Structures are given as C-alpha cells and as structure tokens.
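Paired with chain B in one complex and with chain C in the other, chain A is shared by the two complexes that follow.
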Partner chain A sequence: MAELMSMILTEDFLATIVRVGVPLMFASMSAYVAATSGLLNIAIEGIMLMSALMAVLGSYWTQSAVLGLLIAIASGILLALLLAFMTMRLGTDPFLVGIAINTFTSTFTIFLLYLFSGNKGISASLPSKVLPTINIGWLEKIPILGAVFSGQYLLTYVCFAFIIIVPLVIQKTKYGLRLKACGLNAQAASSVGINVNKMQVSAIVISGLLAALGGAYMTMGYLSAFSRNMIAGRGWIGFAAQAMGGSSFIGLSLTTLAFSFFQAIVAVLSRSDVSSDLLTTVPYFGVLFGVIAFSVVNYFKRRKLSV
Partner chain B sequence: MKETILELRNITKVYHNGVVANRDISISFEKGEIHSIVGENGAGKSTLMKIIYGIESPSEGEIIHKGEKVKFRGSMEAIHAGIGMVHQHFMLIPTMSVVENIIVGDEPSNIRGIVDYKEAVKRTRELSEHYHLDVDVLSKIEDLSAGEKQKVEILKTLYRNAEIIILDEPTSVLTPQETETLFEELFKLKEMGHTIIFISHKLNEVKRISDRITVIRSGECKGTFENDEVDLLQLAELIVGRKLLSSYSELKKDVDDKKEILRVEKLYLSNKEKNILENISFSIRSGEILGIAGVQGNGQSELVRAIAGIGPMSSGEISLSGQRIEKLSVKKRRELGLSYIPEDRLGVGVATTAPLCDNIISSYYDRADINGHFFMDRRKISETANNLISKFTIRTNSIYTAVGDLSGGNMQKVVVARESNTDPICMLAEQPTQGIDIGSSEYIRTQLIEMRNRGAAVLLISADLEEVLSLSDRVIVMYNGMISAHLSNLDKISTNDLGLYMLGIRKQTSDELKEALYE
Partner chain C sequence: MSKVKINEERMFGVIKTLVALLIALGITFVVLCLTAEDPLSSFIIMLTGPLTKLRYFSNVLETMTPLVFTALACAVLFRAGIFNLGVEGIFFICGLVTTYVATKISIDNNILHPFVAIALSGIMGGLLMLIPGWLKAKFDTNIVVSTLMLNSIYLGIGLYILKERLIASDISTTASELFMESSKLPYLFSGTRLTVGFFLALVAAVLVYIMMNKTRLGYKIRISGQNAEFAKYSGIAAFSLILLIHFISGFLAGIGSSVELLSFYDRFTWTKISTHGSTGMLIAMMGNNRVVPVMIAAFGISYLKIGAEIMSRSTVVPVEITSIVEATLVLLISSQYFLRHIREKRLLKEGIANG
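This part shows the complex of A and B:
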C-alpha cells in the first residue's frame, strides 16, 4: 500500500492522469454535445476506433501527420453523420444504429488493418506519423504545473482548449441556448422558429469531431500505432460520464477525472509486478461502482423530494 | 367602426388523405377584441389556427393581414407579422429560467452571438410589468404553477411583439382561480389594443370573456355572433348541430327497494404535517347519485382513490353492500361490483399505445367468457369491443386503433364503456367529462343516469358545478379535506351557495353533516 502511495504521490502520476484522461475527456465532451442537442451518440466508441485507425492509415498514405489527422476527423464526422441520417431521417432507433456502428467498426478496422499492413493485430509495420509534443519553456520551471501542463502531446492542448470552449459556447451563446432548448423540449424550440434538425445535425458533427480527436490521440500521441480494439471501452466511459454528469459540464469533467484517475493507477501499477489481467479490470470496476454510487445518491435525492 | 386586423376569406383546407378540415371559412378579427372560436374536438379549430399561424397552408382562400394579402410559410413569418400562439400544451423548457424560455430563438446579444442576459432580464421584467403579467423572471419554469407558466407563454408572444394572440384551450390546465386571473390579464391586453383569439369548448368561459364568438362545426363556419346575441344553450346546440337536453332530471326514474350500497365511515388520511382527509363519512344508496363538489385539491381526489383502492388511507371503514372493503385489493373490490372512471384518463384510465379492443376489456380481462382456457378468446374480445363501440358510438377506425389516437371524448367513452360493461353496483366517476366535447359529455352524463336508474350507486366528483347540480340527487361539499356541507334539497341550491361552502366561508354543523350517512 505504501508502495502504491509513493507511486501516486508524484508529479509523474499527475502527468499520467492527464495523458490517459485526454481520450476520456474527448469522449465525454462528444457525448455531452450530442446529449445537449437531444441526441444520444452511442457510436462514440466506434467512431474513436475508426478514427484511430484512419489517423494511422491517413498519415501513412500522405506521410503527413496533419493530413492524417484531417482524414481521421473526416472519418469520424462521416460516421456521426451516418448515425444522424439513420436516426433523424430514417427514424431508426438510436441504440440500434449505435450498436451497428460499434460492432461494424470493431471488425472493419481489423479488416482494413490486415488489408494494408498484412497484420491482424497491430499496425507496427506501417510507418505512420505522430503529432509533436509541446514543451512550454516558462511553464516547465513551475513545479507540478510544469510536469502536468508542459511536454504533453499537441492534441492534449487541443483537448484543454475544448474544455474551455465547449461550456462557454453552451452557456453563453445564442447557439448554445438554442441547442439546449432543442435537447430539452424540441417542440418548444421549433415553436419559436428554431430549426431543430439543423441544430441537431450541427451538434452531431461536433460530437463526431470530438470523438475523432479522441481516437486520433490514441494512435498519434498516446501510442504511435494502431492495435485491434485499442479504444477498449474509452468511448463508453465517456458516454457514462456524460450520463452521470447530466447537463452539468463540471459534473461531467469531475466524473471523467475520476475515471482517468483509475486508468492512471493501472498505467502506474502495470510497471510493478501486479497481475496485468487483474489490473485492466480496475477502470471498469471504477465505472461500475461510479454508476452504482450515482444511482444510489439519485435514489435518495428523489425520495427526499417526494416526501 | 372598428378596424379589421386579420381576415380569413373562404379558407378551405383539404389534407393529402382527402380529409376536409376546413370548408369555405370566412372570419374577420377586429383590433382589440376577444374573439372566441368554439366547436367540438375535430371540428377544425386547430387546423384553422395552424393556418393563421403559418404551420399549415390553406388549399384555397386567402388571409388578409392589415389590409394586405399574406401567405405565411412557417410560423416564423407569422411571428414576424405580429401573430403569437399559446399552445394547449405548454411549449416551455422546465429546467430553464423564465428569461431563457422567453428569449430563446430571439435573444438579445452584444458581440458575436454571446447572449446579453442582463439586457434579457431587463426587457422581460419591463414586459412583465407593462402588461401586469406578474412572474419572477429568474425562477425556473419547473417551480412555477400552471397559471404562471401560462403567463410566461403569453409573455413569450408579447416579447416577439405579438398584436394578435391565439390561445388554444388555455384554461384546460388551470384552476378556477388561475382561470379568473388569466381572464383579467386578457381583458387588460384587450384594452391595450391586442386582439385575442380564444379557442375553447368551455362555453361558460367563452360567454364570460368574448366580444364575439364564431362557431365551427365539421369544418364549416356556422356564423359569428355578438356575445349577447346567443345564450349558452343556443351556442351548445349550434356546436353539436342538434337539440340538447335542457335538463337531466327528466331522465331520472325512481328506483324501488333502495339499499345502502357504499358506506364510508370516519375515513382519515394523514401525513406527518396534517390531515389530508379528516373524518369523512357518507353513504350512497342504490339508484342514487351523490355529487362531491369542491375546489380541486381539497381531498376529493384522495378520497376517491382510497375508495377505489389505488390510494392510501390512514384509518376508517369503507363498505360495499355491507361488506368491508378497505383492506381488499383493487381486483377484489372490482369483483364485488365497484367501477372507477379515473380523472387521469391518459395515465390511469387507458393504456394509450394499446389497441382499443384491449383497453375495453382491461378491467375484466380474466373473466371466463373472454379468457379461454389458455389463450385469450380474441373472437369474443372483438365481439365485445364491436358491441360497445356501436352502443357507445365511439368514433374509431377499427378496434385495433391505439386508444391514444382517439379524441379525448372517444377515449373517455372507451373508459366509460369498459367500466359500465361489468354491471357495477357502485360507480366512482371522477371528473368524467373533464376536457371532452359537448356531445360526448352529454352522452356520458346520460350513461351515469342510466346506471343510477338500473339501481347502481354513483359517486360523482366534478369540478363542473353545473354538472354536479344537474346530475346529483344529493351533494356533499369538500373543503380542506373535510366535508363542509351535505345538501339533499338541490332545487333550492344555487352555484353561489355551493361556492360559499367550497371556499370554506360557510360550514354546516356536525348535526347537519350527520345526514350524509344513512343510518
């Protein structure tokens, strides 16, 4: 136990939380934007997986990290639009479409991987590009902050930017107010002349973009290659964090932070001699207990209200 | 000469499926009048309003707004032209504040799409003061009463500079007091030069506030009248297109061998703070309708739910034909001959997504004749459903139509048909005609009287005092969870007298109240 504490109480550990937390936060924000507009983006997991692969393939084809990133983003947005088209235009149940996209991508990515790299497990044979890490000179000298906020991958800073921009847009702008109105009462929104369809499509595009960034981060920073099913539930964790945070962005961020903490523990302990099979279950137990705690708290809140 | 602000000329609306919703309707609306449009559900009022509000476009005819021919493509254009609509179901977002609800879609902003909330609060406050529509603009919608929500809806239209305000059945969710407040507000708006188009089928309200009244029946305009040209009965007959019963008492027949059927004694229901029901005692004999009058929320609903067995009680006795039932399950009570028409039609009365034929047997689905040995006897069920449909003249496409797709009146007829099909000895009728059209209301009232004539005991709870007085043989009034009056000589009672008891201004002595319970 003391050993564990000594591992956790380091600057390194904080940096690890950020490193493992970025894809979770992208996933959470992706779910948040969609949910705000009244849609459930159940395909986040699949979108992240697809973009993670497309980032590798794209940067391999173009030999440019930036173009690879753009290709990853495009693939994410396309999948999100597919979800929107099926649910909003054709009226299919969002869960059904979400499950279809997730199962499709989990196997289609392996197919593509095999097609282009000849390997069914990992894309190591493809020389793909990664995005640079960024060192901020003046920040590095500050203890703790320097370790956490400097020397991270480019997409980490993009994530930080979105953490500031997303709530600002939702809380402060006309666009945000209207988006919330669509999500909370679509009929009421359309009765005052808001084009609900248009708003929701715009939200799903942003949601797709955010999920794609989370996916690209996995292969262009966190790791430098694609391996099968490497998203491993990160999209779902984001989805859960959104559901638990409700409409509160702070709630969502804190929940995501808690999940990141568990992920970071795994990352740290995997260097020790604890069984790795056991370790990988930690974040999922975290989610499970998180959801249980959340349900119990809500139950008592409701009971208190009804009495 | 008054100034015409909006005129409909020969409006006809034919839907794609060939249904003619409006046929050759011409109405003119004057500036600064309250103009009511009355008609049965499905008469075409809503379609007509959608045409004015730009949601539907007319197949033929034209709309003249301030002397100019207009064609609204979408409600946005109608809003810009100064037409506002308050929908029957609130178009509000419960978790948002009043201000946000009012401004959304048309927000004041300073730089680049950032909402200027300070300005928004200022403007909505000014608006609320100017029109005397008192509401705390910073509170959340979910914390408001129905009456306040309505104010927000009206403010929403005024914020968008509406000169013509359409209110679609605005009082259906309001208490009598809130309704009165709404009327005062509407009078003020009228004085300030706004035109109010008031859609309703509550004729006494229409008579109370309108300058002019237009009647629509089966998609056709049956004339526009000055308020003092027509009385209530004439109006009702214009709406249904036939003679109506002027009195229900002539339908009543004397019943021999009156026995006590329902007996409620010393019924209490209390929570930690207070008694919700206190010392309720009364009884009903066969061939008798006992009416319960009272302002909604004075315990009537809790009382009937306790008797029906779906709500709690703390102590007391309930007997049906001499047998104690207060501990029995709902099912047992029903088997003993209890029937219940609940107030919450959509939530308790029917399963909206289930077909009519299932709804019409749902309270006796396990009866041997329709529940075969293993499978339900579908043939018998359709036979039952078809019989009841023709007996109760329920308008539906087929017995498989989801009940939720029927009009309110037809939905209620399904409930009444089911509840009376078990030949109950005691019927609990809770707001049986609330929110439904005149034709169906009359039919349901006649059914209650017929049940009474067959020897059933009927408990009638209604917010409609006219209904209570015209159907009941005796009346008790509830105030604050207690019985405040028991009245058996109804010829001499006016709605005003009832009102005094309902508001708790008068209360009978305990000796007088004892008479509610037959010895």
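This part shows the complex of A and C:
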C-alpha cells in the first residue's frame, strides 16, 4: 500500500492521469453533446475503434499524420451520420443501432486490418504516422503544472480546447441554447421555429467528431499502432460518465476524472508484479460502482419524493 | 379480417427481410469486387460452399449450436425491452465452470459428467445474470453500462482463475488441462462433429417458444416489452419478472457455453471474450426476438460464416466479411420505416379500389 502511495504521489502520476484521461474525456464530451440535443450516441465505442484504425490506415496511405487524422475524423462522422439516419429517418431503436454499429466495427476493423496488414491482431507492419508531442518551454519550468501540461500529445491540447469550448458553446451561444431546447422538449422547440432534425444532426456530427478524435488519439499518440478491440470500453466509460453527470458539464468532467484516476492506477501498477488480468478489471469496477452508486442515490431521492 | 391483416403483416416482414438480405449481399459483393481477385467466383463459393460437402453442412449446424443459446438468451431479455449486453461475459465465465467440472471432477459416467457440467454452468450463468438484473429491478441501474462493465470484469477474473487454477501443465500456451473423455458430449451421427449439443439447442428453442407463446410468463414478458406502464398497471409484478427472465437468460447462456466447449473443444482456450455473445445479440435482433425467425437467422448467419470461411481459404478476404451482412440485416430489419412507404401506397390503392 505504501508502495502504491509512493507511486501515486508523483508528478508522473498526474501526467499519466492526463494521458489516459484524454480519450475518456473525448468520449464523455461526445456523449454529452449528443445527449444535450436529445439523442443518445450509443455508438461512441464503435466510432472510436473505427477512427483509431482509420487514423493508422489513413496516415499509412497518405504518409501524412494530418491527412490521416482527417480521414479518421471523416470515418467517425460518417458512422455518426449512419446512426442519425437509422434512428431519425428509418425509425430504428437507437440502442439497436448503437449495438449493431459497435458489434459491426469490432469485427469489420479486424477485416480491414487483415486486408491491409495481413495480421488480425496488430497493425505493427504498417508504418503509420503519429502526431507530434508538444513541449511548452516556459511551462516546463513550473513544478507540477509543467509535468501535467507540457510534453503532451497534440490531441491532448485539442482535448483541453474542447473542454473549454464545448460548455461555452452549449451554455452561452444561441446555437447551444437551441440544442438544449431540442433535448429538453423537442415539440416545444419545434413550435418556436427551431428545426429539431437539423439541430440533432449537427449535434451528432459534433459528437462523431469528438469520438473520432478520441479514437485517433489512441493510435496517433497514446500508442502508434492499432490492435484489435483496443478501445476496450473507453467509449462506454464516456457514455456512463454522461449518464451520471447528466446535463452538468462539471459533473461530467469530474466523473470522467475519477474514471481516469482508475485507469492511471492500472497503468502505474502494470509495471509491478500484480496479476495483470485482475488489474485490468479495476477501471471497470470503478465505473460499475459509479453507476450503481448513482442509481442508488436516485432511488432514494425518488422514494423521498413519493413519501 | 384481423387474420388477413396479421398474415399480410407477416408477408411484409418476409419481403422486408428478403430485400434486406439482397441489399446486404449486394454490399458484400461490392466489397468483394474491391478486395478479391476473382470476386464473382469468390461470391459463389461463399454462397454455395456449405452445400458442397456433408462435412461443411455439418459445420453450419455446429456453428449454429452455441449461437442458438446466446441468441435465445438475448431474445428473452430484449423481448421484455431490457437491453442487457451481458450474455457474452456470462458465456465466457461459465466456460470456466464447465472446464472445472470437465478437468477436476471425475465422474465415471459419460452421461452424468456432461450433465453435471452443463447444469452447473447454467445455474452459475443464471445466478451471475441476477446481479445486473437485481440492480435494474431494484435501483433502475443503467443495464447497458453495468453489463458491459461486468463483461470486462468477468474476462479479467476468468483469465486470472484460468492461469492460477486451471492452467495446463503439458503445454505452454494459455489453456486448461485436457477435458476428461467422459465429460465430452457424444456425437449425433458418425462422420460429422455434430453432437448431442445440437439436439439440446433445438430442445431449448422449443422450450423457449412454449414459454414465450403459451404461458402466462411469456405473455407478461411480451406485454412489458410493448408497454411497461400498461404492464405495471395491469398488475404484472415487474420486480420478480425481471429477476426471473434474467435467470433464464443467464441459464441459457451458461448452457450454451458448456455445450460449445464439451462438443468442439479438447481444452479451454479462450483468452478473450468470444464472439458468440455479440453474434447471438445480432441474431436475436434480426429475428425480432421471436423464436422461429431467430432460429432461421441463427442458421442463416452460421451458413454465411461457414461459406465465408471456405471462401477465405482460397482468397485474401478474411471471414470477418460476414460482419457487413450481419450489420446491414440488423439495421434494415429492425427499422420501422424501411420499405414502409411502398406498403402504405399499396394499402392506400387497395383502400381506394375497395371504395
């Protein structure tokens, strides 16, 4: 235990939280934007997986990290649009579509991976590009802050930017307020002349973009190759954080931070001799207890109200 | 009048499925054109391959066996409107229960031994499924999230148990000891690998059909799926119903896992969540959670998988190409409005003609 504490109370550990937390935060924000407009994006996990692969394939084909990133984003947005089309135009249950997309991508990515790399497990044979790491000179000199905020991947700073932009847009702009109106009461929104469909499609595109960035981060920063099912529930963790944070962006961020903490512990402990199989379950236990605690609190709130 | 309407609705369902299948195969063909050297002959091999040899056709039924169990396990819950994704995790962890019985407990009777393994596996599956079920029934815990997290947790714990307690001493890969001969399910016919497990799958399908369509429990499940509020006000006790169907679902998944292992494996070799659960989920959706269409879908998907496998031996195209057909079918069949406007136009015309 003392050993664990000594591992946690370091600057390195804070940097690790950021490193493992970025894809989770992208996933949470993706879920948040969709949910604000009244749609549930159940396909985040699948979108992340697909764009993680497309980032590798795209940057391998074009030999350019930026173009690879754009291809990853495009594939993520396409999948998100498929979700929107199936639920809004063809009246399919969003859960069904989401599950179908997630199952599809987990197999189809293996299909593509094998087709282009001849390997069903990992894309190591494809020389793909990664996005640069950014060192901020003046920041590095400040203790703690320097370790956390300097020397991270490019997409980490993109994530920081979105953490500021997303709540600002949702809370302060006309667009954001309209989006909220669609989510709170679609009929009322439509009666005051808001084109609900159009708003929701725009939200799902943004949601797809955010999930795609999370996916691309996994293969263009966090790691530099794709391996099968590498998202490993990160998209669902974002979904869970949204379900718990509800409409509060701060609640969402704190929940995601807590989940990142568990992921970071795993990352740190995996260097020690604890069974790695048991260790991988730690973040999932964290999320599981999180949703249980959340529902228990709600349960007692409801009982209090009805008494 | 109403009977005619039901028949017509059913006809529409069949037509919709066939059109969806054509579109799915069309997309597959396009992908083949982009990837295979000789797309047309690959496509034909994929579609007719399983019929060319008795062994291949038997492979279809072998593939179908565990999928029937997982699909039924999903269908029972989905029909009640509960999106539980836990079947694949249960399938994995129950495999270890089977492995324990098949490697550690010697029962010198080749009927009793598999029976004990299958029964314990089923009971374990049912009990484990009660965890998310109870949380859902009592606190309304988000079951999508809880079951997904449990899947990953079962995988981690399962691998730990496998490596610590059940690991083989005679080979170096991550696998259990050899299953005892007495634990394996007997073959149905000579010349194929089809076992009694296939027969058990058919029995399970008949029992679930009877349960869903001929009993009060089935009626309650269908009503709660259609309208949870109505079900509540008509006195259906949601709490016990939710618990019961979770147990049944987990029980089916556990049996399926056991049957799969004792039919086609010599040792436990899974080191990640197998696709049986997720494919079963898709099959349940394709069959609209009704037993007969689910069985047809289970057969169709297994047929396609074997076809793709035969094709993949002679081309660079991997068997995962079937994911395209699966996804397209699920999306189009479960869509409310796909082809709906054509049907409505026709009904309108008929209405005008009939005055």
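As a convention for this text, the second predicted complex is superposed on the first by the 304 of 307 C-alpha atoms of A that agree within 3 Å, B and C clash if a C-alpha of one lies under 4 Å from a C-alpha of the other, contacts with A are read in each partner's own complex, and residues count from 1 in each chain.
Operating definition for what follows: a residue touches a chain if its C-beta (ideal position, glycine included) is under 8 Å from a C-beta of that chain, and two chains touch if they have at least 3 such contacts.
Source: prediction; values computed, not measured.
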item: Clash-or-fit label for the pair chain B, chain C on chain A; value: fit
item: Which superposed partner A:Phe108 touches (first chain B, second chain C, both, neither); value: second
item: Chain B versus chain C as contact partner of A:Lys174, first or second or both or neither; value: first
item: Touching partner for A:Ser247 - first (chain B), second (chain C), both, neither; value: first
item: Touching partner for A:Trp236 - first (chain B), second (chain C), both, neither; value: second
item: Contacts of A:Ser295 with chain B and chain C, given as first, second, both or neither; value: second
item: Chain A residues touched - chain C or chain B, whichever exceeds; value: C
item: Which superposed partner A:Ser125 touches (first chain B, second chain C, both, neither); value: neither
item: Which superposed partner A:Gly193 touches (first chain B, second chain C, both, neither); value: first
item: Contacts of A:Asn135 with chain B and chain C, given as first, second, both or neither; value: neither
item: After superposition on chain A, the shortest CA separation from chain B to chain C (Å); value: 5
item: List of chain A residues in touch with chain C within their complex; value: 42, 86, 89-93, 95-97, 99-101, 103-104, 106-108, 110-111, 114-115, 120, 229, 232-233, 236, 239-240, 243, 275, 277-281, 284-285, 287-288, 291-292, 294-296, 298-299
item: Chain C residues touching chain A - in the complex, by the definition given at the top; value: 35, 83, 85, 135, 138-142, 144-146, 148-150, 152-153, 155-157, 159-160, 163-164, 272, 275, 278-279, 281-282, 285, 316-318, 320-324, 326-327, 330-332, 334-338
item: Chain B residues within the chain A interface of the complex; value: 74-76, 79, 85, 87, 90-96, 100-101, 103-107, 109, 113-115, 156, 160
item: Interface residues, chain A side, partner chain B - complex; value: 172-175, 177-178, 180-181, 184-185, 187-189, 191-194, 247
